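Starting off with a structure, shown below.
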């Protein structure tokens, strides 16, 4: 366990250092701008994972917080200044997370997922409707006092700090409690944990980082339009998280970088882009329900089993699974 | 001193009275068995007491404080813990982590972390700490459940068929562990079908049938009680378990 | 304005009930939360558009669109839902992705711009002084007939008893020799058919776009939250509340706000009436 912990930490640090040095080797405007986006997506996905992958409450509309963060900057940066408008976005994100998380997270079933799926669609429509405030379909321009390179380093720092914090939370006792909640809420509360509070806390943390990132996204795009709330935005995060392996933090983190380049490449296919996204999502769930992170673990286990011969311990897990299924059936 | 009381506890599902007007009280330091045929309402009774399900009516009182229908985690903080019929370890966590995530009101997280090793040694899982709980054999899962329950520092421990699925040797060593826990001052209520093992440990037995309390006495009296015998008539698990 | 609200509220109550019943049925029976239900609705509209533009008669357009949608529903069940049915999370992701997938197929085939489907019935009439088209009246009448049919199917036929048995305890039902898998396929087809009929009936008075499937999901889900899953009468009451709330919003304020109002109703219902939901034995398992 400790070894794995250090491994993931090493990967995060190594990648950050590489990214920090990268502009000195190659300062291609194009690459730097994709990497800036990838930095943001890394945090979006990792903050999505701490809820969806850890507590097992699937968030189908993470774009919600990104959009709230982005629109706060778009609407308020002229009057409040950049930093304050980003902060307002963060506070609003947390507030919205609280309002929808409090009633829906405690319910069994799909309530949370549906609520998160639907809310961005509504905000999308409101953004169209209240054009005095939001600029309607044309959106709002954001004037940024930072150069592209400065913004790159800002997002890199944001990525490193956010991912580290979420990573430490995920590996702490709190993270283990969240995993325990995913497996069995009743059993987790029967050993004294207030599961509602933990779930809500995870969601608020998630909203915090995504809202902050949404503000930075507005700076990156220099523009905010209703499409920040669009389905593909949430779907992209879903794909990154699922392909990387939900509940591992490091898997989604790495796949965010890999898939940002993939989607940049897909941009050339225009109208087929969303189709490919949806298809990828379906295939990855059907073929690799536990993501790429599970492939490594699987190979390792197979390798071990070969040396060990038969394994009588596996049976208890299977027995348990079947018992539990029949109990809840 | 009465530490725990159940008053007229009732749970109705549609037309079925799963638990029907059950009352009893438990003194500090007792070791009480609950018996009854399958479907008698024993597990439901535990669900009601531990807050997993709210009762339809009635009261549950722990240390002179009413805990009826409170959330399970709050009840744990008041000193009452339970285990489940089918062990419910968190399979994706290691043995150590399974105990680490327990929340006790009496100890800080730091103090608690220090006692995990000791607890796991005590239940006999000292050498398996870093194994994933999902890979443990059945007997060890029970031990893990016990360790988790102990980590909450309970005054009162409810055990739901802890011997189910265990072999004779495993039952024996678990019984020893239970007696040891009892000696350390934990009051225990245990549901168990394996009566032979049960009678060795407890000093008092409560029998339940069709959701109603039908006997509450010392073990020898209860097994000879007319109503209890009738309840078990035709239930072969009784003979089998008792003579086994 | 009040008359408008009353009349159109009634029409939308009927249509929403229809969409919500299909959605709630498959969840109630098979525990499948089908996020592509709205996409089936959208798909049926396009099927009707395509068939009617190729010059087929009214009857064949309707039959064709319904059959295609039923096939689509069953294929999606067998192909993507069934392999992962035991995981709520994975079913959510799969059906979400499948809805996106269908939407994009339609975008690629027909383009993103709105389409118009001709009415089955021409002309209109006046009810309470409100001008309604015959198509709208037809939608109302057919929906009522189909809801009665569903109620009859579930409560009065042997098939209905089997469906209810499977929904209450699948394992027990299989012990009695019922092939639950067949029931799921049947219910999935039925649910698809309801979505298709709803689509056919409303396509002529809506603008048909590839993204039109998402807002019915919100309405259907809110209705289900209000009325309880698999409960036919509860669904009607839920549909009534949602339809009238949306009509009042549309006429008194702004039609663009109606979804925000529906969402607010949903959140309020989840906050204050969560115990009314899933009341059939889910928490007492």
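Letters A, B and C name the chains as they come in the text, with residue numbers starting at 1 for each one.
Here, contacts are C-beta pairs under 8 Å (C-beta built on N, C-alpha and C of every residue); 3 or more make two chains touch, one makes a residue touch a chain.
Owing to the predicted nature of the structure, the values given are computational and were not obtained by experimental measurement.
*Asks:* Where's the contact count highest, between which chains?
*Replies:* Answer by contact count: the chains A-C.
*Asks:* Compute the centre of every chain as the mean of its C-alpha atoms, then state which one is farthest from the centre of chain A.
*Replies:* Ranked by distance of C-alpha centres from chain A, the top chain is B.
*Asks:* Nearest whole angstrom, what separates the Cα centre of chain A from the Cα centre of chain B?
*Replies:* Inter-chain centre distance comes to 41 Å.
*Asks:* What whole-number Å value describes the gap between the mean CA coordinates of chain B and chain C?
*Replies:* Chain B and chain C have C-alpha centres separated by 47 Å.
*Asks:* Just how far, in Å, is the C-alpha centre of chain C from the one of chain A?
*Replies:* Computed value for the inter-centroid distance: 31 Å.
*Asks:* In chain A, what residues contact two or more other chains?
*Replies:* 327
*Asks:* Counting only residues that touch at least 2 other chains, which ones in chain C make the list?
*Replies:* 283 - these are the residues of chain C that touch more than one other chain.
*Asks:* Which chain C residues qualify as touching chain A in the complex?
*Replies:* 33, 35, 80, 83-84, 86-90, 92-94, 96-98, 100-101, 103-105, 107-108, 169-171, 214-215, 217-218, 221, 225, 254, 256-257, 259-260, 263, 266-267, 270-271, 274, 277-278, 282-283, 285
*Asks:* Using the touch definition up top, name the residues of chain A that touch chain B in the complex.
*Replies:* Contacts found on chain A: 1, 173, 176-177, 179-180, 183-184, 186-195, 312-317, 319-320, 323-324, 327.
*Asks:* In their shared complex, at which residues does chain B touch chain A?
*Replies:* Those residues of chain B that touch chain A are 50, 52, 71-74, 76-77, 81-82, 84, 86-94, 97-98, 100-105, 109, 130, 134-138, 141, 148-149, 151-152.
*Asks:* So in the complex, the part of chain A that touches chain C is made up of which residues?
*Replies:* Residue list for chain A touching chain C: 52, 56, 58, 60, 99-100, 102-104, 106-111, 113-115, 117-119, 121-122, 125-126, 128-129, 231-232, 235, 238, 242, 271-272, 274-275, 277-279, 281-282, 285-286, 289, 325-329.
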